[in-house]
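After this come two complexes, each holding subunit A, first together with subunit B and then together with subunit C.
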Partner chain A sequence: MRKVAVIGAGMTRFVRRALETPKELSWEAARMALESCELTMDDIDAVCFGTAPDAFDGVHMNGEYASDGAGGWRKPFMRSYVGGGTGVFVPIQGWYHVASGMFDVVLVVAEEKMSSYYPHAQAAFLTIFDHTTERPLGPNLLWIFALEMNRYMSTYGLKKEDIARVAVLHKRNAAAHPCALLGDANITVEDVLNSEVLAWPVQRLDVSPVSDGAVAIVLAAEHVAKRLTDKPVWIEGVGWHLDTAYWTNRDLVYPRYVEYAARMAYEMAGIKEPRKEIHIAEPYDPFDYKALHHLEGLQLAPRGRAIELYLDGTAERDGDLPICPSGGLLGVGNPIAAAGLMKIAELFWQLRGEAGERQVPGNPRRGVAQAWGDLMQVGTVVVMGR
Partner chain B sequence: MSDRVAIVGVGWSGFRPKTPDLSYKELMYEAAVRAYADAGVDPRRDVDSFVTVAEDFIEGTSIFDEYVPDQLGAALKPVHTITGDGLHGLATGVMLIRSGIARVVVVEGHSKASNLLTPDTILAYAQDPVLNRPLRLNTHFVAGMEMHRYLYESGTTREQCAAVVVKNRRNALRNPLAAYGADLSLEEVLFGPPLAWPLGKRETAATTDGAIVMVLAAEEVARALRQDPIWIRGIGWCNDSPSLESREWGNLPYIQEAAQMAYQQAGLRDPWNEVDVAEIDDTYAYKELQTLEALGFCGYGEAGSLLESGAFDLDGELPVNPSGGSLGVGHMLDATGLMRTLEAVFQLRGEAGAHQVEGAEVALVQSWRGVPTTSGAVAILSN
Partner chain C sequence: MTVRFKQFPGVSLSEEDFRQGKVLYQMDELKAEYAWDSGIAIGTYLAGLKRGVILGVRCSHCRKVVVPPRTVCEWCFRPMEEYVELPDTGTVNTFSLCYITWDMRRISEPEIPAVIHLDGTSELGPSSVIMGGILHKLGEVDPKEVHIGMRVQAVWKPAAERTGAITDILYFKPIR
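Up next is the complex of A and B:
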C-alpha cells in the first residue's frame, strides 16, 4: 500500500450567501491549496470532486458542470458521492487515486452552494426520502433528527443543558477561525436553551447553519511528498460504511455504521486504543448531539458517555482530547461536502502546527476526522498523522 | 499495470425499453444475483467494497446513494457512488483493488429510463444555468452542432453517419439482449425525422431499462475463482471543458487523452492491429466515427470510408459494436459503459453467440456521458 500525504490545503470563507458561482468557489479553494504547496495545475495528475445533492444548485450532473472550476480540465476527473459523508469521502477517493499507483499528485475539491435554493435549502431534503413510504408524509431533516436526538437523550437520560455545551464549545472555538460563519466567543448555554424551538428537542442553536463555501487539499505519493514539503501529513487510515436504506428499522441510539467505518480506518492505521492514540478529533457535528453520537461511534467514549468529555474539559482546545478545535460545523458553518473536507484541512493545519490562534498545544501527532450522511446511514472516517 | 485486476463475474437484468413490472431495486437485485453466481462469491462474506454509478436527477431522488445497499447485499459495508459513467465505476473498482484496500469489488450501474416522463427537461438542467439554459434549447442541439462541425472539419458525410445506424441495428438483430434490432436501409435513416440538423432522430439512440453488476477481483483471488477471468489491462478517463464556449467541437481531446492513459497502462502501441473488437460510443451515429478517430484506430476523417469498406462489420477487420451498440441495444444512461463492458466480456469469453467475433483476445471499451458533457473513459480488456 503506497503511503499518501496531504501536502497543501485551502478554503474559502464559509458564508450565508456567496456571490460566487460554484465553479468560482471551487477554484478559489483549489488555487489556495495549490499555492500553499507551491504547485500549479500543471503538476496535478487527476482531480477528485465532492458536492452533495444536485438539487441545491438545480444543476443536473453538477460534477460535470463544476469540473473546470475544480481544475478538472483535460484531466482525469471524478466526483464521488455519499450524501453528507461526502466531505470526508473525497479525501478517501483522492487517497485511492494515489495509493493505487495510478497518480502521484491529486487535487481534491469539495464545494457546496446551498443559498441558490429558494426559499431554503432544507426543502431540497424533501426529495431524499423514499418516494413511496416516506415522501408522502412530507418529512424534513429537522424532524428526523429530533427523533434521533430524543431517542439518544431518553436512552441515556441526557439533559438538554448538557448537550448545549457542545454547541457552546464549538461556536467558541470557531471565534478564532478566519473562515467561520457563526463563531461567537461569548455564547452561553442559556443562549442555546433560549433559542427558537425548531422541532423539539432541536433548537436553532443546536443546529449548524446553511452555508456556501469550498475547501481543497492536495495529496501526493510518498516520493513526491518528501520532495515537496518538510512537513507531510500522512493519511494513515481510511474507512467508510453504508447501512441499510430502511433507517426506520434501526435503533437510532447508536451509529453502528460510524463504528464500522472507524474500525476499518483504525485497523489500517494500526490503532488499537483510539482514545489514547488519537490526539485531536473532528467528529461530524451538524447538530450538537451528533458530535456526541459520533464520538461514541468513533470509540472515543463509551456509549452514552461522550458528554463527559465536554463536562470535564477534556474536549476543550487545551484539554486531553480537543474536539472540533476548528469550531466544527456548528461554528464554522455547514456547506455540506465542503464542511467535511474542512475537518481534514483543520487536521492538516493542526498537525503541522500551522493553525494559528486555533493551535492545539502539545504538538499533536495524530487526528481523526469523520462525516456522516445519507439517511442517517453512512460513516466516513480518515485518520491523519505526522 | 503491474497489479492486475480482473472481471470475475457479470450479471444483468433486462434489457427492455419499458419495465413497468420491475422497480430499479428489482432490476439491480436480479443483476447482482446473477453476477454473484457467475463469480461464485457471497456478497456478505467475500466482497470488500461496492461502487455504484448514478445521478440524482435521473433517479428522481436526492442523494440516491441511500437506496443502493440493500438489493446488492451491501448493507453495512463500504459502499459509495460515483456520479459518472459505468467505466468510471469500473476505474474506481480497479483503483480500490490496486490500492490494497479491497480484494473483491462490485460495480453496479442501472437505467430506469422509462421512468423519466420528461427526459429532455431533466437534461436541460445539465446546461450552464447562466449562459446556456436561458436560451431554452433542447440539449440535443449540442450534438447537432458537434456533428455539423465534425462533418465540416473531417469531410465525413451524412451518408457515412447513417451507415453506422444500419450496421449497428443489424448487429443488434443477432443479440438477444438488444431492444432495437432492425434491418434498415440507408435511405430510411437519412430521410427519417430530424432532431437537430444535421442530426436525425434515427441517428440517435433510444433508451432502454436494465441493470448490470460486475465483480472485480485482484489477481490471486481471480485465479482462485475461475479459469477464465477477463483482465482489465488499462483504464483511463478524462474531462474537457464543460462550457460550450471554450471546448473543441471537431475533435475529442478528452477521448484521446483517456485512450492514451489506457494504452500506456496496457502497453498498447498500435490499436488497429492489437485490438480485436471495440464497443464504443454511438449515442449519436456520428460519434462512432469521431470516436474511432480519437481512439487512434485511423486518421482524422478516415473512419467514414473505412466503415463503408466494411472494416467495422461483424466479420470485418475491426468489428465495432458487434452488440449493436447504444443504437441497437438501447442507451442505458450511466450504465452504458457497463453495458459495453458486458459485451466485451461475452466476446472475450467466447459467449457472445450469434454475434461472436472469432478469436477475440483484446477488446476496447469506450464511453461518453452524453450531452452536454465532455466526460469519457476508455478500457482495454483481454482474456
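Up next is the complex of A and C:
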C-alpha cells in the first residue's frame, strides 16, 4: 500500500439554514480545498463524495445530483454513505483509492443540507427504526440517545452536571472557530442544566444543532504530496466496523463498534498505547455523553471514566489530551457528513500548526478522528500524523 | 486554515427572511406508501403476538435464544428455526421520559420508551449483548418511579382486538 497524505482542506460556515444549495455548498468547499494546495480540477484523478440520507434533500441519488458542485463530472466519482459515519468514512474511501495505486490525487467532499426537510430534520431519521417491530410505537430519534445516555449514566453512576462539562468545553472551543454555529465563550454548566428537557436525560444543550454546510479535503500519494507541500499530514491508519442491526440486542453502555474500528486503525498506524501516542482526539460528539462514550471506545479512557478527562482539565485545548479543539459537533454544528469531515480537516490544520486561535500548543504530532452512524451501529476511525 | 483563509462562504438565513419574502422557495410533499411483508421470522413473531405470546428463536448451533426472531444467527451464520415461547415479563434495561413528538411538538405527560430485556432469553457477559432486548413503552407507572432494573410485565390488548402487530402489547407495567 502507498502512503497517502492530506494536502489541502476547505470548508463553508456551518449555519442553521443556508441560502446555498447542496451543489453550491459543495463547490465552495471544493474550491477552497483546491486553492489551499494550489491545484485545479485538472489535477484531480477521482472524486469521493459523502452525504447522509437522501431523505434530507428529497432527492433520489443525491450524490449524483450534487456531483457537479463536487467536481465529479467526467471523473471516476462515487458517493459513500454510512449514515453519520459518512464524514469519516469518505476520507477512508479516498485513502484506498490512492493507497491502492489506482489514483494519485483525489478530492474528497462531504456536504449536508438538513434544513430543507419540514417541519424538522429529525423526522427524516424515523425510517432507521424497524418498520414492523418499532415504528408502530411512534418513536422519535431522540429516544435512542436518551435510552443510551441513561444506560451509560446509570451503569457508571455519572452525574448530569459532570456530563454537561463536555457541552461547555466544546461550545467554548467553538467560539474560536470562524465557521461555528453555536460557539459560546461564556456558556456554563448551569446553562446546560437549565435548558429545556427534550427526552430525559437529554436536554436541549446536550444536543448538537441541525445544520447546513460542506467540507472538502485533497488526498495525494506520497510522491505527489512531497512535490506539492513540505507539510503533508499522513493518513496513518483507518478502521471501520459494524455492530448488530438489532440495536435493542446491544448493551448500550459501551460502543464496541468504535473499539473494533479503532483497533483496526491503531494496528495499521503502529499504535500500541493510544492514550500516550495520540495527541489530539476528535471523537464524534452529536450529544455530550456521546463524546465520553466514544473516547472509551477509542481506548483513550477506561470504561466509565472518560469524564475524568474533562473534570481534571486534560481535555482542554492546552491540556494533556485536547478533545475536540475544533468545537466539535456540539459547537461548530452537525451537518451530518460534513461534520465528520470537519474533524479530519481540523486535525489537518492542527497538525500543520495552521489552526490559528484554536491551535493546540506543543506541536502535536498525531491525532484521531472518529464518527458513528445509523442506530449506533457503524464506527469509522482515521489516525493522522506528521 | 484560519491563517490561510480570511473569509468563509455560506449565507445564513433566518425565519424572518422567509416571512419577509426575501427568499424564494419551492414546497412539495412526497407521497410514499408501503406494505411491508413481515417475512418468515417476524411473521411468526407477529402471529405469536396475535395469540398473546412472545416468541423468541433458538440457534441450533450456539443455543442462543434471541428476540426479535430472525432466520439466521448473527454469531454462527446458521439457520435459526426453533421458536420458543417466552414469558411476557422482563427487566427494564434503560428508559427515557420523552417530552417531544417525532415532529418536535411538546407534550406535557412524558412518553416512557424503554429497552426491555425479556425473561427466558440468553445473556452474554456484563458489557456485551442482551439477546432478549426489545423496544417498547412503559405504562401504569409514575414517571418518577421508573428505574433501570425494574421488573415489568406486558399489558395486552383484548384478544379480539389483536391484529398481529407489536402494538398488540399496549405497554409494559411494573410487577408489584
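Keep this in mind: the second predicted complex is superposed on the first by the 386 of 386 C-alpha atoms of A that agree within 3 Å, B and C clash if a C-alpha of one lies under 4 Å from a C-alpha of the other, contacts with A are read in each partner's own complex, and residues count from 1 in each chain.
Following the convention adopted for this analysis, a residue touches a chain if its C-beta (ideal position, glycine included) is under 8 Å from a C-beta of that chain, and two chains touch if they have at least 3 such contacts.
All of these numbers come straight from a predicted model, not from anything done at the bench.
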Partner chain(s) touched by A:Tyr257 [first = subunit B, second = subunit C, both, neither]: first
First (subunit B), second (subunit C), both or neither touched by A:Val15: second
Partner chain in contact with A:Ala123 - subunit B first, subunit C second, else both or neither: second
Contacts of A:Lys231 with subunit B and subunit C, given as first, second, both or neither: neither
Touching partner for A:Thr244 - first (subunit B), second (subunit C), both, neither: both
Touched partner set for A:Thr133, first subunit B, second subunit C, both or neither: second
Touching partner for A:Ala99 - first (subunit B), second (subunit C), both, neither: first
Partner chain in contact with A:Arg365 - subunit B first, subunit C second, else both or neither: neither
Partner chain(s) touched by A:Ser154 [first = subunit B, second = subunit C, both, neither]: second
Overlapping contact positions on subunit A, where the subunit C interface meets the subunit B interface: 58, 130-131, 244, 246, 256
Complex contacts: residues of subunit A adjacent to subunit B: 1-2, 21, 52-55, 57-68, 72-83, 89, 93, 95-97, 99-102, 124-125, 127-128, 130-131, 238-246, 256-257, 260-261, 264, 268, 373-375, 377-378
Subunit A contact footprint on subunit C (complex, rising order): 1-5, 8-14, 23, 27-28, 30, 34, 36, 38, 42, 45-46, 66, 68, 70, 74, 93-104, 110-111, 113-115, 127-137, 148, 165-167
Interfacial residue positions of subunit A with respect to subunit C in the complex: 9-20, 25, 28-29, 32, 36, 58, 118-120, 122-123, 126, 129-134, 136-143, 146-148, 150-151, 154, 178-179, 197-202, 212-213, 244, 246, 248-254, 256, 303, 345, 349, 354-358
Subunit B - residues contacting subunit A, complex: 2-3, 55-58, 60-63, 65-70, 74-84, 88, 91-92, 94-101, 122-123, 125-126, 128-130, 236-243, 253-254, 257-258, 261, 265, 369, 373-375
